[in-house]
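Before anything else, here's the structure in question.
Chain naming follows the written order as A, B and C, and within any one chain the residues start at number 1.
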Amino acid sequence: MLPLFALALNGCGENPVHDEAALIELGNYLFFDQRLSGDGSISCATCHDPNHGWADGSPLSQTYPASDGFRNSKSLINVSSRTVFYWDGAYSGSDPSEPTAEMITGKLFLNMHDYLLTERMKQVPEYVALFERALGAEPSFDGVIQSLVAFQTTLTTGDELESLESASVQRGRDLFGGKAQCSTCHSGVRMTDALAHSTGVPENPIIFQDPLRHTAYRVYLKEHEVEDYMTIGQDVGRFAVTKNELDRGAFITPDLRQVADTAPFMHNGVFSTLQEVVRFYDERGEGLGLTPTEMTDVVSFLENLSRAMPEISDMPSPAYQVSAEWLEVSN
Amino acid sequence: MRRLLNIPFAPVFVGLFLVGATVFSGALEPVFDALSALGPPPIPADNPQSVDEDGYPLSDDPKVELGKILYFENRLSGDASVSCADCHSDQFGWSDGQDLCLAYQGTGNWRNCPTVMNAAYLDRLFWDSRSDRLENQALDAATSAVEGHGNQEMMEERLRQIPDYVARFTEVFGTEWPEKEDIWRAIAAFERTIIQPDTPFDNYMRGDELALSPDAIAGMELFTGKAACIQCHTGPLLTDQKFHNIGVPDNPLFASDPLVQITFRFQQYMRGVPEEIYRKAKTDLGVYLETLNPEDMGKFRTAPLRYLIYTPPYMHNGAFFTLEEVVDFYNQGGGSDQVEHLAGMRTRTSLLRPLGLTENEKRQLIAFLESTSGEEVKVERPVLPEYAVLETHD
Amino acid sequence: MTFRPSIFTIILACAASGPVLAQDYVVVDLENTSSIRGRVTLSGDAPAPLRLLITKDVEICGLGYRERTEVDVDERSGLRNVVVYIEEITEGKRWDSAPTGGFINQEICRFQPHIQVMRRAVDIDIINSDATLHNIHAYELLGRARRSLFNISQPEMGAVPQLMHPRSGNRVSLECDSHDFMQGWVFVADNPYSVIVDDSGNFELSQVPTGTYTVSVWHPKLGVQSREITISGPDGAETNFEFVID
């Protein structure tokens, strides 16, 4: 049973924001600080790397050490305008606080104990100062989440699409909303309907051939109380969250606005190029009947969606310090 | 089945009683347990294992063999960096040779690791006695954020990915797949074989008058007499398993190592101390963290005094690297009360006062303290089994 | 041939008044020096190498098992990875003629070199050459106990400076808190008469002034042996050491 002051340090509720810029600066530091992980080995930026479109450039993400991933790392670009989070849609709403918190405490992610993280923050004078400026409070786990959420709001490229450039791009746009039927699901300004669909993407076989990845996947299924998880050989997708058979193998439609910067593609990274993606859609089911030129046009359109990335850099993490007056200062 | 040890069936107990009521007139403590030889360890009914006809655990029991591999299995830790054997190493007396124990990487530890040797006999584990049995101590340490940082669901799935473990768990526990509760049962069963009931002291207590040197015998008389150690260090384990504040000096790393400071605050926070204590405490409050009773501030469970030759440094924070330093500490009457300002009362024991030991007496006392250690116990390091691909269905 | 002390050493001899500490080594001009040579061997069977499963970072550290040979011998029982040193010598040759490493490199999840001699209180570089986190943890060995000397987390490649200065003693063990199969050793020398045996267990301590010294050998797993050696003339001295495994 924790005493009341414990709630102030780590418990419920947000701190009022005193200085938004300081909050974002703190979030910037923390995003790149490996001490947010249990053993100090990885940070948010490990899988959401600015050099790889805020994803990681691999088909399947890594995880906390000694384990390995079974899903593609989602880019964080424009994350603050999402309404659903994760490939399986485990979190919905406009507030990314919960998924951010899970990314820190989850055993497959940063695997960090929230109270231990608070104490680590308190050992860095620069962070103590930033928490004070930003939130008027001492470091807390809630404050860490607030600062990371604030930082993530700066990972934007803007909503407006550029004016069309080439004829191929224009044709591609028409196909996107027409013959290629992409906008059936990739609709609206954010180019996603935020719903889960099963499109028949092929399984990524290495998940079940790699002991570390298969172990991680079973941990995920077990936590979601999926029966028969020991021998399932496919990615069950959103079914793990809803237990609705219609959701088996279904994944949340991704936002396509920066798609060309975030290869490989799909929930399991099985397609390395947009050409492969378009061909997949052309060939599935009854087929779309796209010509090679038309497929190239769709790809041109998709590539044209990319805007300039925000200029955000890695902040070197300030070191732990020990006060010379440790015996006198308050803990 | 191979016998672990050669112990006579009917050990003879020789009791020695304190001749010290006269030494400490007016001090408290009435009845003391006798010093005695160590018998077989207790084995819980819900975690049986093979024993010889005298009740001593056998090491060629499949449960013990499984437990031994798991003891060295670093995949039980979060990032496969550390196993029980890293902090409780047979190379360092089943502890780790440091003042403050090894911690999970990126973190610091704040206490000395108690030795696993003879831990099977203790009623409770940890310096603050928060764990009631070996099985739970192992689980607690393996999942603690500053020790193993493991997660039981992850452990379970990793073990299931390793065919050798699957086969062993099935053989020992009869389950189709390894179950997490059985990890700790197996490790505890292995730990129940890490015992030493046949030290020179034990043999002497069973009637072999030549087992102890004259110095050690003189030391034992001091132990139960002038040095009065017997007040707290009683029974076959040489501990009353109670809690005392003897004023051990603080470890300087508390003031100089940032990782230790992080863990220090973390522990207080996790155990739910009141805010005032969290803010002000600069020393390890011991069993107070378990009871939250100010009377318990600065008190630690009396350490068992066996296998001492192999387990320096000594005390809850490794303050003393040699038995000479330990004896000098008690000879001066212990240390000062560091918690009075926090507890609002004096919690330091009144059982200690300067002893006036001569150099020769100190030497003899140490000879006795060393006699509760037998030959060094080491094990052959097991080979960890590999992962394999599991079959799945579509 | 007699030893003719230089004026320098006479001045020093007069200056020395209190107990001579190991740190008080002084470089002097020397005449009439010779070598202590010998060989370190093992009697008995070396234990089989440990087989340590690589349970993480296999793409960097390697798949399968790491074989760690803790007692390494050549085909003529020459014992490898032994440090031979003079315990206390107050003056003698220059440091640059003795091996004085300047770095510890973590590469392919090994400490390179596996064992080395360093001069006390020098700055060295701790280098991470692997694309994964290493967490070097060095200990000074104190009999049956040990004390943490430094503990450095390096999530990325690069070098970090560190002072190599155990409080007491010379023997340092290296571990990695991330990879518990990694192990290395450092001998922190107080004088330049500290060498590692060659591949056959041979050693030579060169340019030793005449005198009587305690020569020790340290094998990280088998322990330390010492004996007194006297150098009286240009032929130096020859002495062999043998570790025994029953």
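Annotations
Keep in mind that, in the parts below, a residue touches a chain if its C-beta (ideal position, glycine included) is under 8 Å from a C-beta of that chain, and two chains touch if they have at least 3 such contacts.
In this text the structure is predicted, and so the values were computed from the model without any measurement.
Among the other chains, the CA centroid farthest from that of subunit B is the one of A. Across the two interfaces under comparison, A-B and B-C, the one joined by more C-beta contacts turns out to be A-B.
Each chain gets a centre from the mean of its Cα atoms; for subunit A and subunit C, those two points are 49 Å apart.
If you average the Cα atoms of subunit A and of subunit B, the two centres end up 44 Å apart.
The centroid of the Cα atoms in subunit B and the matching centroid in subunit C are 34 Å apart. Among the residues of subunit B, those touching two or more other chains are numbered 75, 79-81, 104-106, 259. Within subunit C, residues 55-56, 135, 153, 178 each touch two or more of the remaining chains. Those residues of subunit A in touch with two or more other chains are numbered 39-41, 65-66.
Only residues 50-53, 55-56, 64-65, 135, 137, 139, 142-148, 151, 153, 177-180 of subunit C touch subunit B when the two sit together in their complex. Considering their complex, residues 34, 39-42, 65-66 of subunit A touch subunit C. Subunit B meets subunit A in the complex at residues 75, 78-81, 104-107, 145-146, 149, 151, 153-154, 157-158, 160-161, 177, 254-259, 261-263, 265-266, 268-270, 272-275, 278-282, 387-394. Across the complex, subunit B is touched by residues 1-6, 9, 35, 37-41, 64-67, 107, 111, 113, 115-116, 118-120, 122-123, 208-209, 211-212, 214-216, 218-219, 222-223, 230-234, 320-322, 326-327, 330-331 of subunit A. Within the complex, the subunit B residues that touch subunit C are 74-75, 79-83, 86, 92-93, 97-100, 102, 104-106, 259, 309-313, 321, 381, 383-386.
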